[in-house]
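Please see the structure below; I have some questions.
Labels for the chains are A, B, C and D, by order of writing; each one numbers its residues from 1.
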Amino acid sequence: MNCDKYKNGNIAMSLLLKYGAWIGAAIIAFGLPAIVRSSYGLSLLSQVGIAIIFALSYNMLLGQGGMLSFGHAVFYGLGGFLTIHVINIINGGSLPIPLELVPLAGGFGALLFGIVFGWISTKRAGTTFALISLGIGELIASSALMLPSFFGGEEGISGDRMLETTLTWFEFAQQIDVYYLIAFWMLVSMVFMYLLTQTPLGRLANAVRDNPVRTPFIGYDVHRVRTIQYALSSLFAGVAGGLFAINYEILTAETIGAIESGNVLMMTYIGGVGHFFGPILGAVLVTFMQISLSNITHAWLLYFGLLFMGMVLWAPNGLAGIIMVHEPVWKAKLMKKLLPGYALAAIPALVLFLGVMILIEINYHLSLSINPDAPMHMFGIEFDARAPVAWGISIVLIVVGFVFLRRTVKTLNRSWQEITQIMKKGAD
Amino acid sequence: MTFRKLCFILAGIAILSFAAGPATAADTIKLAYIDPLSGGFANVGDAGQKHFQYMADIINGRGGVLGKKIEIVPFDNKISAKESLIQLKNAIDQGIVFITQGNGSSVAGALIEAINKHNKRNPENPVLYFNYAAVTPAFTEEKCSFWHFRFDAHVDMKIAAITDYIKGRSDIKKIYLINQDYVFGHAVRDAAISMLKEKRPDIEIVGNTLHPLIKVKDFSPYIAKIQASGADAVITGNWGADQSLLVKSGKDSGLDVEWYTFYGGGLGSPAAIGAAGEGRLKQVTEWHNALSTEENQPADEKFYLGYQEKYSDGGRAPYYYGRIRTMMEMFVLALEKAGKAEPTAVAFALEDMQYDTPYGTVTMRGFDHQLIQPLYISTMTKVGTQGVKYDVENTGLGWKTDGRVEAEDTAMPSPCVMKRPKK
Amino acid sequence: MLEYIIFSLLNSLLYGMLLFMLSSGLTLIFSMMGVLNFAHASFFMLGAYFAFQISVYIGFWPALILAPLIVGFLGALVERYGLRTVHKYGHVAELLFTVGLAYLIEESVNLIWGRSSVDYRVPDALDFAAFTLFTTDLSAYRVFMLVISVSMFVVLFLILTRTRIGLIIQAALTHPDGVSALGHNVPGVFMLVFGGGCSLAALAGVIGGNYLVTEPAMAAQLGPIVFVVVVVGGMGSLTGAFVASLLLGTLQTFAVGIEYSLSDLLAFFGVTMEAGGILKDIWRIQVSHTGPILPYLFMVLMLIFRPKGIMGKRES
Amino acid sequence: MADIALKLKDVHKSFGNSKIINGLDLDIFRGERHAIIGPNGAGKSTVFNLVSGFYEVSSGDIELNGKAIANLEPYLINRQGLCRSFQVTNIFPKMSVFENVRCALFRPMGYRHSFWHLCGRQKKLNEKTEEVLEKIHMSDRRDIPAGLLAYAEQRALEIGITIAGEANVILLDEPTAGMSHSETDRAVELIRRVTEDKTLVVVEHDMSVVFNLADRISVLVYGEIIATDTPDNIRNNKEVQEAYLGQEVA
């Protein structure tokens, strides 16, 4: 992501190259409803859009500023609550704001809180910051139940998004209208958050993350840089919360709590903190897993936990990291050296996954399903979960998969080493 | 081809492969069950699903209704309002028009709001919501909705039953109120204070404490306060760990009080409380597992044992929601009366419907959609003593009836003003 | 009133000691390895479940010894094959690893023991009232808990001050870099400390599991309170953790008894508040409602104004 | 009397009971290259840390360009026109070489905490960055993450960051530590070139570097300056020889 190459030549071509990703994103965002027509699918996509803004705003802290926060949902939730109150005030009569602009109310409200909490908590980074964010998160989440006139107690605050004034011809009765609004704000937020990384502040946030000791000697107060970055990140989290309010028309205390904060951390980390687009991937994947996977299997939490642990152990740079290590290889036209290795490793990996999956599903069926005695269905095959055959098959699959995976991974590693060497030579 | 292009192509393929539509509805009458099926509250959600499945088994065994079978379709909402709304959309997309849910007033409130809006915005395609356990009074009072039916007694009704029972207990002179510090706890407290004042003005309320929800690990300080107040009885709406820890902590300090609870028999609570509740823990419910023997209802006993055999996980998760049976039977009657599985017609059919349970007649009040049913106060008692035949959750302890409160005595006035669609 | 105060003091002591058992292991782990172990409470839960299972088969007393040993062994394995792998990616990765671990442990417990609470009971030998003071009983089991936790503190203290390994650990607490320079097997010490810390949490689980409720949510419900103890007590200081535990125990116990709110305070000065909305909510909150959130407030203030903690030797 | 850029007056610093700096007086003239030498533990790095605001002064005054700077926050001292490098390499490892230098230019070129300028569009800023890269001979490495550079290159980059901001007083802490002979020669050449018309204070162990580079040398022993003079005079100073230089120079 380097914006500083001054390219001469065909301007149209270079513009397309430069903005291709954005144009593509816009086409995808606005084109998806042509493919996904069900209202459930659109709800899912709407949630994905909200999650993308939220995760990107979180990465402004973790990835760009080196601040690990356990309380980011505070701003998401506050933004949401402020927005729903604003919606109710507008419905009450006197305040003529079109619905399309209402998310900004959440954003700027969250910004104010972000300035205050940011100033309090960013004096120190690292574990101290993490723990302060955790503490503040707990405090705000607890007070949500104690201050029912703002947070609405357990039932939360609800409102009606069908306002009198709108800027567009949408009336926001149907999910599709709301989806377009979310897609619009998602793209706007994405562009702004990307541009922010290209400003002096964005670079200074990187500098503070990389080396807070050195930063004062280029003339900056570390605390102030962090506070501004933190506040701006809250702004976008607030916008995400505002869209949440419009999408669901209800805000409950769960939006502000630790689970939501943990969620956004996982999304961002699984997606990859090192690249701008990482959190987008994470938000898409995790939202899908949480909502659709839970309809397929009750063991989804276990799969999710395993995925997360696997990423932490073997892919600390997330999905984006996995993709981006291949960029130089592709550029050097060496992919053909890797592909056989991947193909070879994919087979035992699948076998291993299948074995683990069968084992997990059998166990869930036996211990947590409605009726353990009923036969199980997997891949259209009906079988008895207590039968030793099923157990035997899964264990054999696991053992075979594991043994061969180890071997193929070794080969894969060797071809990687080879490739790095070739590329090094090429570079020199 | 650039690396970027490759990534875009792959992403495109991924998106297209996702675009599969939902399965079309088969020829069954579907009831969407939206409750937590994973995470911390999954045990409660699982148990509810088993109750519904058991009832569906029975109804389908009789040949179903309107010539169709009933199908329970579970949706996992992880007890989150947000996820519930997404799952509601999911259910509607699958052509399901009957929804049921019970756990969490936050979820129930969100569903009522969402269903009201959905039905207003899509009048040709309405859905109907049966609430089997969310007890916030407002749902059938200020916030009442034509599309919502409640089959559980709400907070004020349960407190009315408890206070009715206490009215006859002249040995209780001092009462302590301890509740969770959120809307539900406040409702329990307020109702208890006003009804006690009305029914037993001589009783002194010696303490009134709110504590934070779920956060308290050690209840001994609260027990010390109760101890110091000299209370004879405690009324609490606490559920889950807040209830178990409270009662257990009371036993450890030798606190000699009666515990009047809403959820003493709630799933997992008897096992968690165990012997600490013997002879002290009381609950207010529409049903418990000793009723069939106490009132000599062998058919109900058979019903209970059938569930225990098939779905109770070796007795660890026993039959609990008597009202789910009532609800499903009334649902079947309403379907038959309406003659079609159409929400508006079913809703009108349910209004003012009466149904005879083994333990008396219940009425779905037409003007606010609140079920009026008799309630029982029962005490946790050792199996084999005082006619208690079955235990709960393999604890060796069961329930024994202390008193019955007739349906009409639990009925509360309601300020409900309902907007009805045209018939 | 006297009765109330005496029992509140006793309660503070008991609760504080339970907190200390839970957090002492974490203090060691956090100070030495810098790992904010989110799975610590999960090991506490594992201790309770193992103890339950063992007590079903061979009784409570063997469980008291066996369960912490098994959990300690598991903890050591986690350190050896998990944490050590992610160590090179930095503290954030280590911390997230423990978050994932907490997830997995909870789901596994669900899978093995089911989603409801298990019937883990106080052993019959201890199920009586030790003595009655005024009108309140003190159960023998609570006395037993007190004895176990105090003796654990003493043993831990002796190990840390009197044995060779203890001295190495102490040195590593304050100067983690220096120890490796002296040629000690630091990875080995880390494994030992992590395993040991986990088994301390498990011991708390064994004796706390039946006093509280043994259920899959018990780890999550405990929440980050253990971090509060570690932070307030200070990095690298067991004594600090001890003092902080007792302090938090007292704070929470006594806050319960104070039923004054801000409006009462203002009324004392002759001011009456006529406010609606959110202000009214704030005025009406009584101190007794805030007991369990006070620790977090305490932690945030501590981190802002004295990040070393009460007795910490260095900042994190 | 020449113009004084940096002045230390009776500066004391102690950590607990141990006194590290004991009444230090030092005048650095504008435009000179001044080396501070001394045996290990004499307090050379401590002096830098005091001047740059890293440590608080126990007592005494420090003046930069005539303004008191003692106990100011480091970033404020930096804004007064002082910049320093570190003994241990101290760059921004995950950012590219170009970004490293550019970051050092934000404040001097008036960008403050701007989040409304796009770096790529700031022509002057980028030209200036290229200039600095040219000066430290790293233009061809501009897009490499700084953490992946070779050691000597990282040190060169650090000097680049330090001088980029047009601070008029530059503090370099052992700029050639850990370098080979040829690398050292190149580094000295670089320092000489980039500190033209600036005031340079350098702490250094390598005596050939010191005598090659410095206009004046101060000798610091046990927290006190025992001599300040030209290289030749220092070389011949008996006291200095006894205290420190000894056989090293001979």
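Some points to look at:
Rule of thumb we're sticking to: a residue touches a chain if its C-beta (ideal position, glycine included) is under 8 Å from a C-beta of that chain, and two chains touch if they have at least 3 such contacts.
Small disclaimer: the values here were computed from a predicted structure and weren't measured.
Distances between chain centres, each the mean of the C-alpha atoms, put D farthest from subunit A.
Our note on geometry: subunit A versus subunit D, Cα centroid distance of 43 Å, whole angstroms. Distance between chain centres (mean CA atoms), subunit A to subunit B: 35 Å. With each centre defined as the average position of its C-alpha atoms, the distance from subunit C to subunit D rounds to 48 Å.
The multi-chain contact residues of subunit B, meaning those touching 2 or more other chains, are 42, 46, 181, 212, 215. Residue positions 142, 146, 148, 301, 368 of subunit A each touch two or more of the other chains.
Residue positions of subunit C touching 2 or more other chains: 110, 114-115, 223, 289, 292-293. Counting only pairs that meet the touch rule, the chains in contact are A-B, A-C, A-D, B-C.
Against subunit A, in their complex, subunit D makes its touches with residues 52-53, 73-75, 78-79, 83-84, 86, 90-96, 98-99, 102-104, 106-108, 111-120, 126, 143, 161-162, 165. Against subunit C, the residues of subunit B that register as touching in their complex are 40, 42-43, 46, 181, 209-212, 214-218, 220-222, 224-225, 227-228, 241, 244-245, 248, 251-255, 267-268, 271-272, 274-275, 313, 316-317, 393-395. Interface of subunit C with subunit B (complex): residues 1, 3-4, 7-8, 11, 14-15, 18, 110, 114-119, 121, 129, 132, 135-139, 141-142, 211-213, 215-218, 220-223, 225, 252-254, 256-257, 259, 286, 288-293. Interface residues of subunit A, counted against subunit B in their complex, comprise 20-21, 24, 28, 32, 35-41, 43-44, 47, 142, 145-146, 148, 153-156, 158, 160, 162, 173-175, 244, 248-250, 252-255, 290-291, 294-295, 298, 300-301, 323, 326-327, 330-331, 368, 370-371.
Subunit A meets subunit D in the complex at residues 2-4, 195-196, 198-204, 206-207, 209-211, 213-222, 224-225, 228, 232.
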